[in-house]
Every structure is written in structure tokens, then in C-alpha cells.
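You will see chain A twice below: alongside chain B first, and alongside chain C after that.
Up next, the complex of A and B:
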């Protein structure tokens, strides 16, 4: 496999299926509540947290805890501009892979 | 299994790449669907329409519709803003700002047409509302809002054909009933995200 093969453009942080699911889910909205994302993605608290730490460390996801006075703390998740760019790049790489396969018909 | 560290082969074949693209599209549309609740504004709009003929009669005079909608419109808008701001999944701000812009244009357009044309306005204000709802249907990609926009359009045509008070009242009742029924259908068919439990 040569280094210019589309697969070389795949970012392993984004590629992992749960992290890709988190990023895809967040890409459609401004922000989402932690519990809603967890339920929609079918993950446990620990699993989602672990993936969020990796995505936040990569600068792809922003995790903000908001604690209104007298109310329970709410954790909001949002995709950063770098996260959106990484997801777009991943989509482009996937499309390149599809386009690179010769048409066998 | 530690899913965070599990190794997944790179998508070197077309099937996996296609599956990932499909998963990304599904994830995006799932969150948009969760954020785009339309039942609440449809229900408020429907109730406002059903109440309109009675309130017109209560206020009395040719300016009654203008008075009513200049109060009801902003009240519905503020209630919707609070509703959407409380949701656990929120649409991008640019869509929210566009919705606010369309809502203001729709309300101002309907009021200006109603006030300037007076008794001869016919279905013109309702036509402005139908156009605004059509824009909302596109923004939210919602069939439910599209149905309500179509009902407003038909109502406007009926009011152009017959400008009597009786017909106007009947149109508002019908349009309101369609809005409420569609809101109920939207509520029942949309996967509802509960507020996070303490």
C-alpha cells in the first residue's frame, strides 16, 4: 500500500467506530446533553467518558459542565471546529476509498 | 471489552467505507431529529388559531386581528425559544437565528398586510403565514410543518374567495384543528428524548 492511498488519510482517533458515532451524532447539532448522547449511542457512562477524554485531548470535542443555581449539573457535548474539520476530512477519505475501487461492472 | 482501545482495521474496502459513511449520515440525522421538535410550536399555533375568532369578537372592531396577533405572535415565539433552549439536544445556532428571522418576517408581513389592506385583505395575512411555515418546513425538513403550511395556504385561498366573518372564523378553526392534530401526530411519531432524570 502506498502512502498516497486514501487509507493513509484516515485519522485513527476519528476512525474508531464509537468515536466516529459520537462525532457524527454531535455534527448534526450545536450541542447535546451527555445522557442523551449516551442513550442514543448505546454506551455506558464509563465508555462514553473514555472516548470523550480521547476526543477532547485531540481537540475534537468540547465537554462543558453547567450547574445552574439550585439545579443538577448538566454536561454538554459539542464538536469543535477542529472536530468538524476532522470529520469532514474522514468523510472525504472514505469517499476517496470508494472512488479508488475500480468499477467491476 | 475495552472498546476505546480495541483495534479496528482501516476501511480498505468499499463495503466498510460505505458502511461508515452510512453510519455518519445516520448519526447526523438522529441528532437533528432529536433536536427538531416541531410539535410544540404547531400546538401553540393551532391553539392560537382556534382561539382567534372568539378573541376577535371579544376585542371587537376591525383592528382586533392586528391586536390579537401582535400579542399572540411574540408570546408563541418566546415560549418556543424557552422550549428549544431547554431541550437536551440543540440545533445549530445558525438554524435558530434563521428560524427567528423567518418568524419575525412572517409576523410582520401578516400584520402589515392585514392592517394596510383592512377589510379587503382577504387571505393575504394567512398567505404570509403559509409562506413562513413553508420556510420552516424546509429548515426543519419536516413533513408535519409542510402539512400545516399547506392547510394555511388552502385557508388563505378560501378567505380570498369569501371574506365573510363566518368563513374567516371557520377557516381559523379548521387551520387550528389541522395544526393541533398534526402536532399530536408529530409528538407520537417522533422519538421523544426525556429530560435527564436526576
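Up next, the complex of A and C:
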């Protein structure tokens, strides 16, 4: 039971809607802080954290905590080269699927 | 914690990769039989059935069994108008997300 349908190229780590949103957002910036990403996506701290753990474990997102002396810790997020490659592949698979939908307009 | 990010418009019923594949496939045909869809997507009978139950429960796909006298039963699948509308909305949200990814080529 094999198929070369583009759905078979979809990585669930990237496809989950919030993780796709996080990776797409990070693809357009050098890095973003946790609060900015949280507000961009409309997620709670807990939910964003949960998705970041999965993305970091996959090697797709780098999470770096920076604590300048006397200032509050900031958590910086950035897409890794592996994350960028996975996102590009995912975008290709999605385009292939959605381009197969006949346009009704 | 609200956001108008396009991920918030994504319906998980449609977004799951195989269900997206099934709906996109059905959008291009009047109807398809179960075996054709199974082979197109590269799914087992059990997995395709499981996704079809979810899609039928959501009102997105119509599943009709036809048993002509003396012939084996065929199961026909078609996208409902509600399914087509949900797919169109999903495609718009996905395009909005993937178009935000800077092109590197």
C-alpha cells in the first residue's frame, strides 16, 4: 500500500497548524522573542512551549534563553537550517495538493 | 489570547494530511469509488474508512453504498457542498500561510 501522493511527503511535525504557523512566522525573521511569537500565533505560554519542545527536538527551531545582567531573561526563537529545509519541502507538498483543487472563482 | 493569524482559521478535520488529500482528490471528480481513493492516497481499507467516518460525520463527504443486483457492492465517495466550502476556506488559509514564507529560490 504505497503511493507517491504528496500527502505521503507531509511531516506531521511541521503540518500541525500551530507548528506550521510558528515555522512560517520564523522563516521571515532572523529571530523572534517568545512573547512576540505567542502574540502572533494567539497561543498561551503553555501551548507555545509544548510546540517549541517538539520543534526543538526535531532540530527545526532553536530556542535560546538570554539573561543580560540586571534584565529579565528573554527567550529567542529562530528557524534552523534543517527547519527551513523541512518547511520548504512542506510548502512544496502543500502547494502540490492545493493546486490540485479546481478553482471555482 | 486571540489572534487573527490564519492558523486560527484552520479546521483540524480538513487539515489532517490524509483527510486533506481525500478532499482535494474528491474536489476534482464527480464521485470516486472507495478502491480508487484508497489507491490514490496509499491508505489501507481501515485507515481510509476511519478518515471517511470523520469526514462524513462533519458533513464534508457523502459515502453511498450501491449494490446492483448480482454485482458486488461499490462504495461511492463524493465531496458535499459543505465539504467543498470547507476545502475552499482551508486552501485560502494555507495559501496565506505558505505565501508568507520568503522564497529562497
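Please note the rule applied: the second predicted complex is superposed on the first by the 95 of 105 C-alpha atoms of A that agree within 3 Å, B and C clash if a C-alpha of one lies under 4 Å from a C-alpha of the other, contacts with A are read in each partner's own complex, and residues count from 1 in each chain.
Everything below uses one rule, namely that a contact is a pair of C-beta atoms (placed from the backbone, for glycine too) under 8 Å apart; a residue touches a chain by one contact, two chains touch by 3 or more.
Fair warning: this is a prediction, and the values are worked out from it, not measured in the lab.
Colleague: Would you check which partner chain A:42 touches, where first means chain B only, second means chain C only, and both and neither mean what they say?
Modeller: Only chain C is touched by A:42; chain B is not.
Colleague: For A:79, decide between first (touching chain B), second (touching chain C), both and neither.
Modeller: In the superposition, A:79 touches no partner, neither chain B nor chain C.
Colleague: Which partner does A:88 contact after superposing on A: first (chain B), second (chain C), both, neither?
Modeller: second
Colleague: Once chain A of both complexes is superposed, is A:24 in touch with chain B (first), chain C (second), both, or neither?
Modeller: After superposition on chain A, A:24 lies in contact with both partners, chain B and chain C.
Colleague: Check the residue A:14 against both partner chains and state whether it touches chain B (first), chain C (second), both, or neither.
Modeller: After superposing on A, A:14 lies clear of both chain B and chain C.
Colleague: Where on chain A do the contacts from chain B and from chain C line up?
Modeller: 1, 7, 10, 15, 17-18, 20-21, 24-25, 27-28, 39-40, 87, 91, 94-95, 97-98, 101
Colleague: List the residues on chain C that touch chain A in their complex, please.
Modeller: 1-8, 10, 12, 15, 17-18, 20-21, 24-25, 27-28, 38-44, 84, 87-88, 91, 94-95, 97-98, 100-102, 104
Colleague: Which chain A residues qualify as touching chain B in the complex?
Modeller: Within the complex, chain A touches chain B at residues 1, 7, 10, 15-18, 20-21, 23-33, 35-36, 39-40, 47, 50-51, 54, 72, 74, 87, 90-91, 94-95, 97-98, 101.
Colleague: Can you name the residues of chain B that touch chain A in the complex?
Modeller: 2-4, 6, 8, 10-14, 17-18, 20-21, 23-32, 34-35, 88-93, 96, 193, 196-198
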